[in-house]
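Chains here go by letter, A, B, C and D, matching the order in which they are written, and residues are numbered from 1 within each.
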Amino acid sequence: MTRAVKRNSTAARQGWHPGVLAESGRMNQPSPTSASLTAAPASAPAPAEARLQPEQRGAYPMFRAIATRWSDNDAYGHVNNVIYYHWFDTVVNSHLVAQGALDIAQGTTIGLVVETHCNYFTPLAFPQGVELGLRVAHLGRTSVRYEIGVFAEGAATAAAQGHFIHVYVDRATRRPQALPPVLLQALQPLRAAG
Amino acid sequence: MTRAVKRNSTAARQGWHPGVLAESGRMNQPSPTSASLTAAPASAPAPAEARLQPEQRGAYPMFRAIATRWSDNDAYGHVNNVIYYHWFDTVVNSHLVAQGALDIAQGTTIGLVVETHCNYFTPLAFPQGVELGLRVAHLGRTSVRYEIGVFAEGAATAAAQGHFIHVYVDRATRRPQALPPVLLQALQPLRAAG
Amino acid sequence: MTRAVKRNSTAARQGWHPGVLAESGRMNQPSPTSASLTAAPASAPAPAEARLQPEQRGAYPMFRAIATRWSDNDAYGHVNNVIYYHWFDTVVNSHLVAQGALDIAQGTTIGLVVETHCNYFTPLAFPQGVELGLRVAHLGRTSVRYEIGVFAEGAATAAAQGHFIHVYVDRATRRPQALPPVLLQALQPLRAAG
Amino acid sequence: MTRAVKRNSTAARQGWHPGVLAESGRMNQPSPTSASLTAAPASAPAPAEARLQPEQRGAYPMFRAIATRWSDNDAYGHVNNVIYYHWFDTVVNSHLVAQGALDIAQGTTIGLVVETHCNYFTPLAFPQGVELGLRVAHLGRTSVRYEIGVFAEGAATAAAQGHFIHVYVDRATRRPQALPPVLLQALQPLRAAG
């Protein structure tokens, strides 16, 4: 197994100090030095985000392991922020294929991604192992909101967390479709505890 | 130039109908079918997101061209949602290096990404050309919020838009650092018009 | 485990017929229709390549599992030819880190890749599991030639096989260095049987 | 343009000394320290490879620019060896789409990659610009061998060079197909000078 390597010390050496995270929280609030720049109204941070904290494992009903790759690390020596989204795609679609809810090549209804988001708390680095917690936080008539927690192998607290929203469409016409019954069934074990 | 190819018809054939976008907006609001699933409070969608509309080119003070690659298209034949973030990294860091505000190999202060987000309105596909609009929407003492609009080459309306937040840290200790003057200078031309 | 999903039928549906492989072999030899184009002498195919056959598992002394990712599939719905090289990097460097022979962040001697090659026999597709066989076929004073067989999970015959050559250099000066003893030790279990 | 940034000094600082290249050439030949390892016969290096030298721009009839991306650099701060193959895919397919010889979504005949190869002489690094020289070195009844030279923007000598071989198959049955006339036409300007 590629993930069965011993924990490397890169991540530890490069660990952000607690102050970074707090700083990251504070920076969503007005500050004196930002007086000359104004955010577009549509993208003003929700107050909730200013208090964002990493979640614990118990917040996710299901986990899947991810083996990191050499190419996940970028020029700064840790997993690049973009890679987390490659993992999101992988964990969701792996689950759906395993449950018979996604036929990549032939399915007539497919999920298109219309929104993605991620917050990063602690760096990760190849070759360490990673575990992704997965839950479904919202179901619409034609859409699903997945929330994903990224944990260093065995860690209690998330290194990052994010979400992405699938809207289901007809493969050929790309018009929205009601979520198919086989999908609803596959999402049952991912329901958020709350 | 890789981007100097004629416009291909893939994107047009795969264009989402307006209903998809509206559906995407509506799905952030409570709906009867979602009664059995509850969103975690920390990630409840802000009301503003439910009204999200693609922006026009004038919303961005600076543009850079991106040449798509074969590998940008995924199994569904259009640019994968993750690739947009590779473009975000590229456009921001290209600007900073060009302005002398980022020395990837030697700089003692580096920007770590603590939050990323993207909304997708219209699909794109290799080999079409893409242009990224870039603005700085918020400056904190140690952080910068970039907002990026993704436009099909020559298009008036964004195909996608997102943001990412850099927090500046000391390369060795990873402790937060005030934004260096050379960076503040490099960000001047990216100030949002508002 | 992302790789613990059931075998999907995509690869089977897209399996190349034997004729493709034979064709691939034949195409390295002169043919009437190629009379008007001449290959550069330096890159003339070696006669051995014209007889290239996929190897069996026994040809490799060590195996590591690779979990495929959504992004491994390209617009044709199977793993893109480039992705195999991401796996090569990963399997070799995972082994070296696990053996204490590679410190990505701090090592003073690093292996730079000077040559890579791959032949593809049978397509693979996410989410199927993959296993990589690894052997060391040649050791120079400052270089190592790794040979890698790519097998669908549980398959007897390689879906692809390739090699890559590392030359060891001083991290700072990039001048060639003799292979360090800890590396030679790590390569022992990878010696080709022959 | 992302590639219109000033040359950064990363590549220069990390330039391999001439000794590396020579070493790379020598390492394909038997050496005393390799006595205990034997290469598999099928993969024995051709004598020609031991004398491999980087080519000049004149060896390629056509060029296309490639804009590097942040994610092209790996943990060692230069473009990862795998990325060159992403560029190969891009330059060939861009040319074919521009010439009307490839319809990614609908074409009934597609080119599958059966062999790829690359030799690396000099490192490259984002954000520097890159230019790819392209030629067709061999045409079979159902296959094409492309040879690609990778040049730092404006450089006279290749930083890397490689090839890849497409075999044409029916999209549905994956059986080999004769090269279509529109493809043969598109390949005319890529014929090797020799």
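As a convention for this text, contacts are C-beta pairs under 8 Å (C-beta built on N, C-alpha and C of every residue); 3 or more make two chains touch, one makes a residue touch a chain.
Keep in mind the model is a prediction, meaning the values are calculated, not measured.
Among the other chains, the CA centroid farthest from that of chain D is the one of A. Two chain pairs are in question, B-D and C-D; the one with more C-beta pairs in contact is C-D.
Chain centres here are Cα means. That of chain B falls 30 Å from that of chain D. Separation between the centroids of chain A and chain D, computed from CA atoms only, is 34 Å.
Between chain C and chain D, the centres computed from C-alpha atoms are 16 Å apart. Chain C has residues 14, 70-71, 73, 75, 77, 80, 82, 86, 89, 104-105, 126 in contact with two or more other chains.
By the touch criterion stated above, chain D contacts chain B in their complex at residues 1-2, 4-6, 8, 10, 13-14, 64-67, 69-71, 73, 77, 86-87, 89-91, 93-94, 97-98, 104-105, 125-127.
Interface residues of chain A, counted against chain D in their complex, comprise 70-71, 73-75, 77, 80, 82, 126.
Of all residues in chain B, only 14-17, 19-21, 23-24, 26-28, 31, 33-34, 36-44, 46, 48-49, 51-53, 59, 75-76, 80-82, 85-86, 89, 104-105, 110, 112-120, 123, 136-143, 145, 147, 163-165, 167, 169, 173-176, 191-192, 194 touch chain A in the complex they form.
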